[in-house]
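Below you'll find the structures, each written out as structure tokens.
What follows is subunit A paired twice: with subunit B in the first complex and subunit C in the second.
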Partner chain A sequence: MGICLPNPGEAHINGVIVPEEKAYEEAAKQFLMAKVPTLFPGPLVLWAWNEKAAKKATAIRHLYNTLKECVQPGQTPMLIPMPDYRPKYPKINPEVEINPNHPNLTIWHNKIDCCMFIGVHCHQANLSLKIIRGGTSCYTIAMCAQAGHEDAMLSFRDASVEKIMKLADAVKRLKGSVKPRLTSAKHGA
Partner chain B sequence: MADTHSVIGTKNKKGQTFTDTWKMMNEAPRTPSFYTGSEVIKEALRRASCDVMIAYPITPQSEAAALIGELFAEGYIGDYFRGESEFAVMSQCAGAAFGGARVFTTTAGPGTMRAMENFPMWSGARLPIQMIVTCRGINSPLSIQPDTLEISYLLNTGMLVWHAETAQDFFDWILKGYMVSEEPDVHLPLALCCDGFFVTHTKDVVNLTPADMCLPPYDPYRSPVPCMDMECPPVRMMRDPFVMKSNYISYATHASWQQEVWAAVERSRKHTIRWINGLIETENADAEVLIVASGTAVSQGREAIRLLEDEGIRCGLVKIKVLRPWPGEEIREATKNAKHIIVPEFNVTGWLAKEIRATIPNSERVNAGPRVCGGMTMPPEIIVSEIKNLLGMRTMSLAGRGS
Partner chain C sequence: MSKERIKISEDLYDIMPSDYQDLVKSATYGKEDRGWKDIGNSKELIEQHSLCAGCPESMAFRYILASLPNPEDTVMVGSTGCTSLVFPMVAVHNIHSLFGNQNAIATGLKRALSVRFPGRTKDVVVLAGDGATVDIGLDMTLQAWFRQEKFTTICFDNELYANTGGQESGLMQKGFVAKMAPVGKLFDKVRLPEIARESGCHYVIQCTVSKPSLIEKVVRNAVMIAREIGPTYLQLYTPCILEIGKNSMEGLQEMRDSEKPTERFAYREYISEPAKQLLAEVSAKDKEKKAAAKQLASQGA
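Take a look at the complex of A and B:
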């Protein structure tokens, strides 16, 4: 705990503050390397509670479609919502959702080796990211609307429609230039 | 995330202009005013765009709580009422903050202790409530006199803890405190402490910002947790099942939750340094003898330094403004050349000296005292005497020396 979060215009990769441009490249590379690159949209973008949220949701769908277009055979991009923060112990359906208190179940079940959080309230995001980091080898990315997340391995801040589209552009640009991993995430730490 | 429009430049119902806080605190003209600390709390609140203040009388914060009632009557506070006890007050503060309000309260001594269960709950729920603590004795037999022991109980609650020396600190930090507390990567309660009576009941010249300017309102859409609503009540985050289960994932959730609260305390460091210009202040930190203190012990230290200078003894000062997050790096750097570190305190246990000893190398340099408690004043002469004793100089024996 306690890394310094990025200032506006910056991002962090493994705790090192970098210009945002560098983070787009790295995030796109991680997506294209992963066997199961996955987007986890949260409640702030799953419902059209304001115009901006609806536009972001459209941009996320575009990013997901871009991933599907740009990956190679054997890679399986996924879009799994994180709609509800209430615990649903002992069972969630990891096929259709991620529970912030049991995110490892969804990661393990789907063999997710790279994921991005977006539209998740910061506290819940950090909580889930910590558990994912502690219990899986999944590469975590946060597209945060606020100040960023030290518990993600790569974090943007001040997320906007433009930034999501920029990330999709970076994925498109790097299509075919990144060698995918052959295996998916290990089940344990 | 919300489609919000900036209110900066618009007026509230009292005709105050919502003003960029940085400009209001750092660029707006200031008017010197001669006020008690309690009156200063009122004047800060007048400018704080506070939604809810909940009060309960306990000396020495009662006057401030009553004065804020006057502000409510004047229309500056959204809502104001008296709780049934301090425990009730702090629970009611939580309810108001869960609902998305900017919340303020004041307490002291036994009131702080009675309400203690709520403070880790505030932190865990990420509620940016501001609580003024006008420190007084907590012991039996009952004492209403100044004593800072209660601060030590707050240090591990997950709250931000600041310790004001003067009424000017108080005025500025109440307003700036909201700016730090409400950052989405922080979003934690702030215990803004002062030494009761010494600050609350004495008059001082305080430079006030214009009364027709006020803070922008709290924006609950930046909260790191969902606001309370009937679809997703936050209490559901904490109830059965994961709370009550004995299994690995339940423990992992709790562990992550606690780590996240303390990570947020750490993240406040960056914002706090920007707003109050560092977690500590130093004067002559290259001196071999350093007084390291917080609260009004700093003021007594300044006076002791002046007396020592008259005798040709050079002594430096480290004023600790912020106790959580703990300014460990800053203190290590400031004390690296000191041979003697004097820690005067207004409490019997010397909690600040213990924190400093745990922070610096060669901790035998720390002299845990002089300490006074139970309402005793700390004449600068006893600090002078302590320092001269350490330096092997003969001094007259003084009653009331600690340690």
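Take a look at the complex of A and C:
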């Protein structure tokens, strides 16, 4: 019962296991449809722990730049960091960061309607994804370095530099073929 | 962990909030002679705090964090209380334990760190209020000292349960009437410094946090001795200005008044013989270093 996580080479879309290739198309489509498609890089890529992390950061920047090139006027891609998991009080600045303990604030403030988590430790990603799912209508994508996330609407597994680049290629490929949503939905999605 | 590992990925540097950029650029990780004088000149390891305006505990936090000799390889263990509101703002590894369990958690942590990193110096510092240290966690506090666990215990003594509205604590002075203790304390303040000495602590200090240079000295000594010899204990008076009816600006004066020679927070110290020897060695090395630096400077000039 519940959602099965994908096996290597697969992904899930709304809980249905699909070949990874299909997930790239769907994720790219969701990004290109969104008014504010947003990437949320987490501490595993924001901090240059090792060479691999730094390379992933470069790939994420490439994906963001690709999104900016491929969207249409009126769409505003964003790149907002989750530098750590501290519950910051009295509040975070939702314009410049996202916090796993109240990610909905950043989603609402920036009217984000499609987001992708990458480089966030699984338990914190699960917490954030649940809160976003419960409190907003933002489409959630997880580029997970482990086995994937059942709380995301679309989840990849075994994230790598190649997979991020593949997603950027898919966005490029679909450029101009996807009609963007004209308005943001309730609660910024 | 070392400062070399605290680096932001180049391609995402521009999106990092400025407080993280500042931590990498101008925090004092890895600086050997770090101390309270860095406050104001470099990025502090405490961002902002959610304590009351003028709270002496916030001063204590700033001085302690500025004085830790090895912050990049230190883990602090906290407990329930006002201190637990501050730890999320602190750029030093920290663990929040269940109320009173802090010394038990620190014991396991210190032992695990020595197994996991045998060649590295890893310091563990417990920081908790008087409720956690003396009332609810007294068992864990004492047992850690009996076992000669090698970490420092710091107690922020505000003489009551401030966070929950002013209930009586073991460290409250006799006769004090608090908001939620209307009868007044019926017995004496628990003499934890004496108990610490008898329980095997090698360095025991009782003082207020009115003098940053003193806090720097005692924190450094306590951590060094705990690292090499055994348990150390600091009891720092951090009055709760709200619960004793003072204004925001009066915390410092309250501490100065309470540290006079006849008052209950007059400076007191106990240093065991092995600890005295260690401090003498450290001091001799420091002198040598300073002399060498001076000589180098004069040669350069």
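The definition used in the following text is that the second predicted complex is superposed on the first by the 184 of 189 C-alpha atoms of A that agree within 3 Å, B and C clash if a C-alpha of one lies under 4 Å from a C-alpha of the other, contacts with A are read in each partner's own complex, and residues count from 1 in each chain.
In the analysis below, contacts are C-beta pairs under 8 Å (C-beta built on N, C-alpha and C of every residue); 3 or more make two chains touch, one makes a residue touch a chain.
For clarity, every value in this text was computed on a predicted model and none was experimentally measured.
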item	value
Which of subunit B and subunit C A:96 touches, first, second, both or neither	second
First, second, both or neither for A:116, with subunit B first and subunit C second	neither
Subunit B versus subunit C as contact partner of A:53, first or second or both or neither	both
First, second, both or neither for A:5, with subunit B first and subunit C second	first
First, second, both or neither for A:41, with subunit B first and subunit C second	second
Partner chain in contact with A:86 - subunit B first, subunit C second, else both or neither	both
Greater residue coverage of subunit A in the superposed arrangement, subunit B or subunit C	B
Which superposed partner A:135 touches (first subunit B, second subunit C, both, neither)	first
Contacts of A:147 with subunit B and subunit C, given as first, second, both or neither	first
Contacts on subunit A seen with subunit B and repeated with subunit C across the two complexes	53, 86-87, 89-90
Sites on subunit B touched by subunit A in the complex	1-3, 126, 183-185, 187, 222-226, 232, 236-237, 241-242, 245, 249-250, 252-253, 256-257, 259-260, 262-263, 266-267, 270
List of subunit C residues in touch with subunit A within their complex	5-12, 15-17, 20, 50, 85, 88-89
Subunit A residues touching subunit B - in the complex, by the definition given at the top	1-2, 4-5, 43-44, 50-53, 84-87, 89-90, 101-102, 104, 119, 121-124, 126-127, 130-131, 134-135, 145-148, 150-151
Sites on subunit A touched by subunit C in the complex	41, 45-49, 53-54, 56-58, 60-61, 79-81, 83, 86-90, 93, 96-97
